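Have a look at these structures, which come just after this line.
One chain, chain A, links the two complexes that follow: it is found with chain B in the first and with chain C in the second.
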Partner chain A sequence: MSIIEQPISPYREVKDQTETSSGERATMATWIDERTGLVSANRAFLSWPVPKYVERNLLYSLGGLTLVSLIYQFFSGICLLFYYDPSAEAAYNSVDYITYQAPLGWLVRSIHHYNASAIVILVFLHLLRTFFFSAYKAPREVTWLSGVVLFLITLGFGFTGYLLPWDQKGYWATRVGTEMAGQVPLLGSALAQLMRGGATLGQLTLNRFFVTHVALLPGALVLLLALHLYQHRYHGVAPTISKRGQIRARHSVPYFPNWVIMDVLLGLGLLALLIYLSWHERAPLAFPANPADTDYSPKPEWYFLFLFHLLHYVPGRLEPFLIVVVPLLVIGSMFLLPFLDTGEERRPWRKPVTTAVALFYVAVIIIFTFLGS
Partner chain B sequence: MQYKIYRFVLLISLLLWLTSCAAQPEAGSVSTVASSSGATAPSNTITAVKVDTLTTDSAAAYWANAPVSTVHTKATEKGKADGPDVNIQAAYDGKNIAMRLEWADTTESNLNKAWTWDGSKFSRSKDLGDRMGVLFPIENNANFSSKGCAGACHNLDADPEKWWMGSESADSRFDLWQWTAASSNPVGQAQDEWMGAQEDPADMESATHSDALKSGGSVSNVNKAKDGPAFMGNDLSASFIITGEQTPIDTSKLTQGAVIPPSILAPWVGSRGDVQAKGVWKDGKWVVVLLRALDTGNDEDLVLTPPKAYPLGVAVFDHIDLVGHTTTADVLTLEWK
Partner chain C sequence: MDEQKFPLNNVSEPKPPEMGRRRFLETGVWATTSVVGLTLFGTGGRFIVGDALKDKDEQWINLGEIASLSAGQMHQTAYSLRHKDAWRTVEEKGLLYVFSDDGTTYTVFSAVCTHLGCNVHWEEARDGFSCPCHDASFSRTGEVLGGPPRQALTQLEAKIEDGVLLVLV
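Presenting the complex of A and B:
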């Protein structure tokens, strides 16, 4: 006879009382499970059957790897917070201390620095994977939409993090960034004011970027990620587009270890790479921000370079137009995609227009990133 | 339906692409101001190379592998001629940094206000010796990091007597290594000094302080009546006298026009003597090597922590006073390879 009364609950299965009664050893796991239900929930989570085509397939590890990379980013970010001081006077000195004096500070900051780029690349590749596999199609629209928001959050992390060391690089790039926002027709000045907390970059700007970077965006990311991953579970893996995959789809394998193992191994590989890069060359720190130094030539983080460089090619009066149109076009079409491409066809080569538009965007981004660098 | 919309989007994108490729960058726009390409000119970056052991030998083999940065020096006074270009190299080992500086100077001036014997009496010359200084902020300093020497120089007053060098606040200091041909070079040192905030507006050097001294240093070579030197060197042809190598002045041994060094020198012991130096003037140029511990352990000194990049400035005094010295116009950056 089980020691626990089992009230009827919609959230947990009522166990067959006789199963756990006399004769069975009450292990720790059953003890915990009887009280929390976590062990069987975990078992169900891990044994989730997934189609065989995800097994040992790099393309299906991109989402998992992004997740692992985000975990590294949270961990390193929290470690940085032990030393980082978000005041305009002390921020630079605190990052200087982290980079050159705090024990292993160089490693933590460099991992956070290189991993920020890794996340942007991984999210982008994961986005391309799910795009080319048409995984945004019904009923997975919400998975895709939450993904688009996650993508924007990731870029938001990159933009706000860049200012935090309060060095020349971050200061001037942010100054240009907020000036660009200020050029948006109608909303511009309110937007720039909101970002800066005043007419110029100062303590309030740093406060806002800091809070956004370490509280608002992490909170939003966790919520969106929960939705994203729940949707993924709820709908299961989207159908494959390859013939070989379709044959393999007839068989399923458990999520753990068959799918997860690849994510874990790649995650360890990524960590090794981050440590190597950090050891090879620690995260750069430019000289401290000098608002009076108007000769300084700003350069944004590489993942914003394409937009920055695109501006180079338009006459000054068209800049406000470009600043609004390019992001609206790219992000807008990402949001609209699942509602526009509603056909049955999943193979990209059979929907040349959708594919061509996407390839065009990717080409513009890549070409202008290289031209700008 | 959706294909129509996509075709439309594609068309707009293509149009944007074509406009963007055809249009020329326009001056004054946010983007052009921003990307008129960034990094400081390469010659303003001094890259220290890693070596096994450092010496003050300017001909050491490793200098052949150290990149040379040629930096220009400009007059602090408006309208005055520029100074020489200085070729700078740097190297470091586990404990020390060495900098090799080379600049053209047609005259070797290694006496500073020396005594001259005219056959009956001594007179004090007004001639100054050659000098060179290297300046680093000790604390992170946004102003100096973007302006270089100009960030420490207060030379806007019309009256040069009111100029001064130093920082705006006492908690932002500078480390100054001052090499002088007349008094520091003979003892194999550059004087280690620091600069803080101005203390006396009437004294242009009131922000500059010598680092702490335990013993040593030079003493003035002047007799009690203050009208001539008290000592002369054992070697009368030398341009300096080292403590222990002097004898009381004996004018009978002097020929007319003989020059007697104004100080009796001894190496500084203590924080003031942290910087070793060796300078040689030959064929119309000075070659000086400075050598200092990365971390001297003294509070008045900058701690150098490779691979952190440091801003610095260099000044050359061609037998001239503070107002007449020429300094690097842009900030220099010390990096490590």
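Presenting the complex of A and C:
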């Protein structure tokens, strides 16, 4: 006799299927489900029908792979926290200890190091995929907008993480980075001081970057990701843009295992790659931060290189303009995109203006990244 | 929710006096939450900003006997000083350039490039400074000769006491 008199929620009806499957496990599952509702909720979650065109399609695995990559990053990041010491005197030594003495420390830190780049690449590719498939169009605007914020959060992780080893690389990149914020007209110097926690780069800067890296951004990321994935579930997969996809769209497959299998296999491949890279060459550690050095020529992490390198081509007078206008233009157009491109047309080759603008941005970023390196 | 146990649909159409009471309670919830929220964010915000917007504490440092700083030549001097960084006393390092025409008045430049904060080099051959970051060049007197900076190198206040050069950093 079931303790629930009437099936009320759609999830609870699924419960009956448990009883048809035989044996202990079914009874156990029923017991848990009647008390928590989690078994049937999980079953409904996994059996979500998705259009067949997502199956065995790498482009549709980019979001899932980004998620896997983020899990690796949280995992390795939390491991690092067991040894990392966020103080100006000790940070360098703790990272040195992690890299050269702690058992498997080289692996944990190198995975965090290489995977940081992997995340940036994967998020960017996923962004391009959803852009070229017009997945931002109504009613999926909020999926896209939450994605844009996730993208900014990822870059924030990269910027704040770079300083944490308190070596020459991180120190000078952060000095230049905060000075760039300082060039913003009117608000600049206040902004730079707020980032640094004072007039100069020091302990307070390290604390600020550390808290942002390990508490604020992870919290923000989890919230935004929940919104992003909920939106994705709520609206379902966006329509396909290819003829072949339209034929396959007539059939659906369950999310688990048909879609998930690709993410899991690619995730395994990514982990293998990260371990190989770490084994091949462990994450670098420059000399300890030295503000009195004249020979050190700072370079930011490669994904900020294009912005840094653009500065070479702008006369000093125009620089504040560049520093404000370029990011505002790029980020602003990403935010506005779903409200500007509101037509029915989803195929990128049929809406040349939007496509051309995007390709222009991508080309500028790629060209200046290469020129800068 | 189980409609048998929680007949919510009875509540959704309140009579006028009931309506006023519900509005009042709703407003109460929002008002209380706002007060709590503002208190938390106000306190947290002020706390996090801390002393970040304060100017740097300046202090005089000793660059040594002027006798050792020969005139007509650019001297590169690294300094380090004990400096209070919030709750810690830390060693703060920095780099200066010292120059004198005649051995009586001294010009001291901070090595920090006025563009984005890299340290500039002295280049004897060119009789000027250059910055490695975005190829800026400055004259011996700190004027911008080329590149992105918009301000001359920062000149620091200097004085001589008992034959010792002191600089305010």
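Here is the rule we use: the second predicted complex is superposed on the first by the 347 of 373 C-alpha atoms of A that agree within 3 Å, B and C clash if a C-alpha of one lies under 4 Å from a C-alpha of the other, contacts with A are read in each partner's own complex, and residues count from 1 in each chain.
Keep in mind that, in the parts below, a contact is a pair of C-beta atoms (placed from the backbone, for glycine too) under 8 Å apart; a residue touches a chain by one contact, two chains touch by 3 or more.
Bear in mind the structure is a predicted one, so any value in this text is a computation, not a measurement.
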Partner chain(s) touched by A:93 [first = chain B, second = chain C, both, neither]: first
Which of chain B and chain C A:197 touches, first, second, both or neither: second
Touching partner for A:356 - first (chain B), second (chain C), both, neither: first
First (chain B), second (chain C), both or neither touched by A:310: first
Which superposed partner A:297 touches (first chain B, second chain C, both, neither): both
First (chain B), second (chain C), both or neither touched by A:319: both
Which of chain B and chain C A:333 touches, first, second, both or neither: first
Partner chain in contact with A:168 - chain B first, chain C second, else both or neither: first
Partner chain(s) touched by A:370 [first = chain B, second = chain C, both, neither]: neither
Larger contact residue set on chain A - chain B or chain C: B
Footprint overlap on chain A, where chain B in one structure and chain C in the other make contact: 172, 176, 179-180, 183, 290, 292-293, 295-298, 311-312, 314-316, 319
In the complex with chain A, residue positions of chain C that touch it: 2-3, 49-56, 76, 78-80, 85-86, 88, 90, 92-95, 111, 115-121, 132-135, 144, 147-150
Residues of chain A touching chain B in the complex: 92-93, 96, 99-101, 168, 172, 176, 179-180, 183, 281-282, 285, 287-290, 292-293, 295-299, 308-316, 318-319, 322, 325-326, 329, 333, 340-343, 353-354, 356-357, 360-361, 364, 372
Interfacial residue positions of chain B with respect to chain A in the complex: 2-3, 5-7, 9-10, 12-14, 16-17, 19-21, 23-26, 28-32, 34-38, 140-143, 145-147, 305, 307-309, 311, 331
Residues of chain A touching chain C in the complex: 6, 8, 87-89, 172, 175-176, 179-180, 183, 190, 193-194, 196-200, 202-204, 290-298, 311-312, 314-317, 319
